[in-house]
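Labels for the chains are A, B, C and D, by order of writing; each one numbers its residues from 1.
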Amino acid sequence: MTDQNPPEGLVSVPHLLARNVQLYGNKPAYREKEFGIWQSWTWAETADEVEALALGLLDLGVNVGDHVAVIGRNRPALYWSMVAVQSVGAVPVPLYQDAVVEEMTYVLENCGARFAIAGDQEQVDKIIEAQETVHGIDHVIYYDTRGMRKYDHSEITSFTDIQNEGRAAKARLSKELNTRRDALGYDDTCVMLYTSGTTGRPKGVVLSNRNVIETSKNSSEFDHLSAGEETLAYLPMAWVGDFIFSIGQAYWSAFCVNCPESAETMNADLREIGPTYFFAPPAIFEGHLTQVMIRMEDASRFKRWMFSYFMEHAKTVGPRLLDGKPVGFKDRMLHRIGKYMVYGPLKNRLGMSRVRVGYTAGEAIGPELFDFYRSLGINLKQLYGQTEATVFITQQPDGEVRSDTVGVPSPGVELKIADNGEVFYRSPGTFVEYYQNPESTASTKDPEGWVATGDAGFIEETSGHLRIIDRIKDVSKMADGSMFAPKYIENKLKFYPNILEAVVFGASRDRCTAFINIDLTAVGNWAERNNIAYSSYQELSQHPQVLDTVLAHVNAVNESVSQDEMLAACQIHRFLVLHKELDADDGEMTRTRKVRRAVIAEKFNDLIDALYDGSDTIYTETEVTYEDGRKGKIKATLDIRDATVIAKTQVAA
Amino acid sequence: MLYREAGDFKTTYVADNQTFPLKLDRIGFWVTMAVAWLVIPFVINDYWASSLLVPFLIYAIAAIGLNILTGYCGQVSLGTGGFMAVGAYACYKLMTSFPDVNIMIHIVLAGGITAMVGAAFGLPSLRIKGFYLAVATLAAQFFLVWLFNKVSWFYNYSASGQISAPERLVAGVAVTGPSTPAWAQYLICLFFVTVCAIIARNLTRGTLGRSWMAIRDMDIAAEIIGVNPLKAKLTAFAVSSFFVGIAGALFFAVYLGAVEVGEAFGIQKSFLVLFMIIIGGLGSIFGSFAGAAFLVLLPVALKWIGVDVMGWPTDLVAHFQLVIVGALIMFFLIKEPHGLAQLWRLAKEKLRLWPFPH
Amino acid sequence: MNEAVMDKNAPYVTEDGRQIGGVMMDLRDITLRFGGVEAIKAISFDIREGEIRAIIGPNGAGKSSMLNVISGFYKPQEGEVYFRGQKRPPMKPYQVARQGVARTFQNIALFQGMSVLDNVMTGRMGHIKSNMLAQAIWAGKAQREENENREAVERIIDFLEIQAIRKTPVGRLPYGLKKRVELARALAAEPDLLLLDEPMAGMNVEEKEDMSRFILDVNDEFGTTIALIEHDMGVVMDLSDRVVVMDYGRKIGDGTPDEVRNNQEVIDAYLGVAHD
Amino acid sequence: MSADFLYGIEVVINGLMAGVLYALVALGFVLIYKASGIFNYAQGVMALFSALTLAGIMSGQVPFAHLINAIFGTDIHYFGWNVPVLAAIILTLIVMVIFAWCVQRFVFRHLVGQEPIILFMATIGLAYFLEGVGDLMWGSDIKTLNVGLPQGGSRFVEDATAGLGGDDFFGFFIDKLDMVATVVAIILVAGLIAFSQYTKQGRAMRAVADDHQAALSVGISLNFIWVLVWSLAGLVALVAGIMWGAKSGVQFSLSLIALKALPVLMLGGFTSIPGAIVGGLIIGVGEKLFEYLIGAPYLGGATENWFAYVLALLFLVFRPQGLFGERIIERV
């Protein structure tokens, strides 16, 4: 553990808040689109909202070290809640708002939260339901009063009431509050975040003030984040990324966090705000791109021509310009025109005109996708990180951006690659421990503080950039002993807009096979244009033409995989298109949309067998969970297709 | 394509319902104002003033007026000419009876008087709807014209039956009478246009405007949800006539200088202004300007093409003008009932969505 | 007799926690004729503070006419309307509206030429005090009032979850949303009595569920008294505290859903009525 | 009987005759309005146009002569022949039918289902258009139209009635033309009513007027009906045009006179043929009497210009649906 002292006595988020009030008192700290306009709060206003709540919490009897669950969509009030909780020496535990009751029950129980701050009635209901099994919760605070009137308010209170009580009790409690705030230490717990573990139950990752503040400081300096930045907070508050972007860095650099009005106005709000610092997982960028392409399909011939022409040109010139490499005069001029005709307007529509620093992470991002945004002139970069590292492990410096690497070690981070190819790191951001789980803590973090990422990768000698192949546990051997890296293949497949998800099997088998999920937006739109009628996802997924298209993609992937001798064996011999979308509610994916390979393999074993026993159709029944929690069965007969495999060239590895 | 909206967000309601929510439009507006106020006055000459700019500005005011009544409140009026006449004669009487009072005040008062007359003729609108009312307003048209013809008190018993504007000064410069400089004519009209447009905009985007539009779109429902139809319709008639009256006053005092009611404010005038708002766009201030500009420009352009270029006799060109105007009216009603304003709106929408089609 | 009157007005609380107060609107022997036709024949019933009151009956039973009488659009030839204990003098519909009676319409009556926001804003007509001159200058009082109204309206928009379509012209909206916007417009008036004329006509199950939820929420959040006409028996039985049944302009039943359901005359009237 | 009174009677009679003409034009409106819901402002201009055409054809004028000359620098004006009245009238009728077809085909077919007020404004546009075309075809100079109708006061009536009053009364002065006009108008009105009552097309017309959908469902072609009514309106316009043209020359003001039919309709109601007739008579008599008793002596005359409108306006305020129009029951 590196032993730096806190920069000028800023040992905790509340301290940062206090500093921001002094330096940027009248600058906006939070905005939320509500009642048709962007309601704004300056740092000063934020401070006393937080203080009022903190006092209220004291009044409510929150003790130092208590865990306070925070659940709801991104709203300033909930961010204040976290800071307020910290101010009174307690620990905020943000939870995923879309978690179903069981998940929430587990987490509440695990962290033993005494208090919960919920966004609205929906969340309150879940907490109440959870309390049938967990009895730790003393008091629930809700923000949106809608529909809450009829609840028994003995153990439930509205956010504003708490604040009012707090304000009322100021004289009485402010002294206590100050002492608690001053008592906060650099190595005290800042926040506890639950990792949506790809396997097994989520674990509570304990992050200290040191972790958060050091990381925020370093990463902010790395990208020269200033008080002028605008961000849009729309990713789950329970996710470490949002905590660092919307609280850590936001408080360190004192920039403004904007919260959208609602899920369906998200894109419009993004457009209005035009963030300068923007993070999104590849899925979102992919969604945008798909939308762009679909909408361009309906455009006039001229526009389509213009679009493709300039996008082509941008692919060659755009990234070079971004990286400050020299560009010929003619190209420069063409790019100007393009900027005026296409790039500019497009960025404007996407709400990314002002993006100065954009990041994506979590999944490998397709080169086409990545280049599309880069060539528009959006400074989109990749970073590699995880909750245990307080996000940052490696990130790409301006001017050294590529789609196939995840960049150089972030400031203060040391890397080492184990013999089996696993990536280890050590940094000021390295987490303290897994809450009440010493053994997994030990298994992940050795005494010197080296943390295993669980990813296999290597460092390019030429550039010093880190390249990730796959999850280490997913990289395995096939029957003939050759390397099997499913994720690698899956990503290649997923780079096709038509393919939403793919799961490749082949560990200790003689050949590879795959499940495919088609992308309903893209394929559905294609079906519409070729007026192919379909009543359900299932029906569309089994449509012969769809299967042909997918087959073409698979063949293409095989083609490219066959080039790489290390992975040539991973070519897909047979595949089928799943009759349902892989879904977190069915436990097939994590909340962050990572496939749970084991779960799937077990759940669809009949299909896997079919893939290997050579039959060309298979009948199956699958249990599904509907949005309202009801369960049901869907039955389907799936076609299985054979893909063309390029014969493995004779090589000695 | 031209628009960059990212980052142009609103944090107050005032900002949110400003007239030009888009930055580019705001810029465009101020540029236009600057040119209109700071450039044109110095370059304008008699020809441009008398054949284009001044009539355009005056008709724009009239069109705004009629648009409030017809476009916003849905009450079609064919009496515009008559009401302009009221404005003109009111102004004339005021000018001649109180020579020392500033002409500007006279013009505004003329508007006020017209407003009252307008409201009076608006009363039937409470019982009569649609084209019944339209025809009813013809009564105003014919009656008023006849009145100013027959009752010689209105034209101070002049032998010719004409009224002619004596010279009046504003800030030491003649704005009426034969010796008025072009730029003075232009500026005084521009002043009134600006004020009228702003007032109209404020009224139409506010409560009153909403009550008008409610009446227009569905009068019964409007009344049931709490719109007072009497108030809505009468205010519409009054405000509309106020503007029309001012236009009439300017038309007589500043533009023509001397008028004979029959030909200056005949039913043709009513139709001209009605056409302006149909072509320009019902229910749109911008449309009022567009329509006025279009119908002021059209004859000039036709004359130029027909007479100067093709060398045709003027009457022939005049006939063509009738045909074209008539055809245009039908065309717009069929293809684009919301006129040039709507075309403009669509174009803008396209630019905002660029490169997407929708 | 006296007792009867007393408990008639005695406040009580429904099982789902709804506060029912005294009589708000009392209709006495209302008779309405069009030319020779009697649309409503000597009907009397009352609507109590805070309750959800349903008016049901086959097509042409005179339900809508009844609503039109309440909202002052039709003037009954006989009978009186008592509002808050006062006999209502003959008044124009907009005056009734300003007394705190808002309504929606059977076939949507939105203002096609205006945006959702403007439509809902028209609901605030009753709350305008500033005069024309102030509005013309668009400053001071008028401006303040405009903003206050906007805020009030935005809360309704938020409440009915139509933020996403705030600035869309109503013409472009699908049917279900139009209905919701109309409800928003009525709510914007902050009425004491809300009249809903077939709020769920032509909706699919999902939309009906939403609408029912909104109606209950309105009654719950704002304590608004609601009188609604509806054909969907299920909905009526779920929502309403008391039901009036009309047939051919006569009242053939009045009471709690259960009482009405078991009323023989009602059953007869409904036999063979297609839509129910 | 006193002379004044008798002169009063004379005024009334003249009024009645004028009224018949108003009624005639009004009929044109009613026909179109009933069948298509269009309130045809252009009716007046149609009268003007038809009169122009008739005059032009009779005098063997070359259509669009000005235009042709202007373009080709030629100098043609007349074919140099005169077309006999009857042939000319028939030709004019053909022109009017073609016109009717064009109007239907190019304008109103595209406006089906629009609000009445839009249709109304469209007809105003049509009026302009037609006026322009008329001028282009035949030039805008005032033409005399003589279809051989008797002119001047009727000696016969004058002599016959001279005896009624004292020696300062010289009998009714009644224009022969007006008498003819009246007769023709009455015949035409009767004819139209007969047409709409007893002919297949007539019944179809009424069916359409009552209920478009129903009419369609029984296989009546709306298009045909609309062309038909526009043609009939053309015919009516022609007759009116001839009368007025013969009376006061063919000029623009003619279209304004025809406008008088509007107030007539507002009195009579847009949908009722008898209404149109009665309204016409009321207006005719009303304005003449008003002018005779009040206008000329006290108001400086020329009150005919507005009397009709103001009368109609006042009337409407108390009975919005007109004399015979059905009562409107508003619903929501």
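In the analysis below, contacts are C-beta pairs under 8 Å (C-beta built on N, C-alpha and C of every residue); 3 or more make two chains touch, one makes a residue touch a chain.
All of these numbers come straight from a predicted model, not from anything done at the bench.
Of all chains, D has its CA centroid at the greatest distance from the CA centroid of chain A. The chain pair A-B and the chain pair B-C differ in C-beta contact count, and the higher one is B-C.
If you average the CA atoms of chain A and of chain D, the two centres end up 78 Å from each other. Averaging Cα coordinates per chain places chain A and chain B 58 Å apart. Between the Cα centres of chain B and chain C there is a gap of 42 Å.
Rounded to whole angstrom, the centroid-to-centroid distance between chain B and chain D, based on C-alpha atoms, equals 33 Å. Shared interface positions of chain D, defined as residues touching 2 or more other chains, are 332.
Chain contacts: chain B has residues 13, 16, 220-221, 224 touching two or more partner chains. For chain C, the set of residues touching two or more other chains reads 73, 105, 109, 150-151.
On the side of chain D, the complex with chain B involves touching residues 39, 66-67, 70, 107, 110-111, 114-118, 120-122, 124-133, 135-136, 140, 256, 259, 262-263, 265-266, 299-303, 305-306, 309-310, 312-313, 316-318, 320, 330, 332. Residues 74, 76, 123-124, 127-132, 134-136, 138-139, 142-143, 145-146, 149-151, 220-221, 224, 267, 271, 274-275, 278, 310, 312-313, 315-316, 318-330, 333-334, 337 of chain B are the ones touching chain D in the complex.
Of all residues in chain B, those touching chain C in their complex are 13-14, 16-17, 199, 202-203, 206-208, 210-211, 213-214, 216-218, 220-229, 235, 239, 283.
For chain A in complex with chain C, the touching residues are 34-36, 146-147, 149-150, 261-262, 264-265, 268. Remark: chain A residues 31, 36-40, 230, 271-274, 292, 295-296, 298-300, 303, 306-307, 340-342, 344-349, 351-354 touch chain B in the complex.
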